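Right, one structure below, let's go through it.
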């Protein structure tokens, strides 16, 4: 998926992309079969959201330069109303997936981890049956020494 | 380790196996040497549980088909009283390891992460000195886009 | 980075080293640009601490044997006042990085994960705007079966 951060003073203002990875974690009581959620069901819920953005440009509607260009093409684009940081992407998935997991009564919590690279990751987690004010954002990064 | 889920409507009802990975996390105050627990001691506590199930079939006692077959062979098998989902395996290790860590006074919490594959993982964590009602099950999965 | 644990009854009393990896996780509310903290800013805060210990011997001041030897050489050494376990190294980074993140008002929490190997890790996490008594130490280890 491609994106850019127009406000960024470093390289992130340029059009670039990542092989994003997302981890979806659901928390709750296991059912009679000993599953919080069958991995196959988890995939069926999450996959449409992945397909929507796969090989697309994730474009903040306030980014007039890219928005106007892409609207004149047939290139795949998904418009959103937020700067496309890893934190905001994780929050975006958290909110939409929380809606989708809500009907599954034994699921009470959700954690979304979005990695731009192996070393840069954002995480949003929270209960999905209470006020979203309890959600919490993390950004983390790995460092190596030898 | 091999297993199957007889109730499963997908491929998991067949006899299959995984190169399971488990992460054992102990929480607590470090001792005078600055260790929550010496990794060597952690290994000595956990290894017997690993050896018990390594290259075995983990068989739910209610799975009559496999149970009756394996009882007539000399093949390695471990019988348990639960469907052998990653969630239940993590819970099983949590309970038995909690008993083993209990005598170590500075350890207060335990987290067990069982991965069937790099992308499918179950997690149980909780305090080991309070009611097990506080434990909590997670199942998570990684998704990739490019 | 090299170290040893003089008190250790196993191999850790010998001079050895690790390709340590550290993950720094900051928690808080995202700013107007949708970032808890720009990864570039995170790097600029953390990198000096990495450079200080990269290819150095981390020497506990109570380790007279190594301390006296290294003081007579020009070899890179960093002296600390604690046994150089992964737990203590994580705590050391937690305290110093907490001081550095404190001026950034939207950051409320910090987690430091120090890995000696892919399988042995120590973790310290806590709020950085409350008493350090709330921090919590984890040590974890991965096990594999096949």
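Letters A, B and C mark the chains in the order given here, with residues in each chain numbered from 1 onward.
Everything that follows uses one rule, which is that a contact is a pair of C-beta atoms (placed from the backbone, for glycine too) under 8 Å apart; a residue touches a chain by one contact, two chains touch by 3 or more.
These figures come from a predicted structure and were not determined experimentally.
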{"item": "Rotation, 0 to 180 degrees and nearest 5, that superposes chain B on copy chain C via CA atoms", "value": "120"}
{"item": "Interface composition of copies chain A and chain B: same or different, split at half", "value": "different"}
{"item": "Where chain A and chain B are represented by their mean Cα positions, the distance between them in whole Å", "value": "29"}
{"item": "Sites on chain C at which at least two other chains make contact", "value": "none"}
{"item": "Touching residues (chain side chain B, partner chain A) in the complex", "value": "5, 7-8, 10, 82-85, 87-88, 91, 120, 122-123, 136-146"}
{"item": "Residues of chain A that touch chain B when the two form their complex", "value": "1, 19-30, 33-40, 42-43, 46-47, 50, 53-55, 109, 111"}
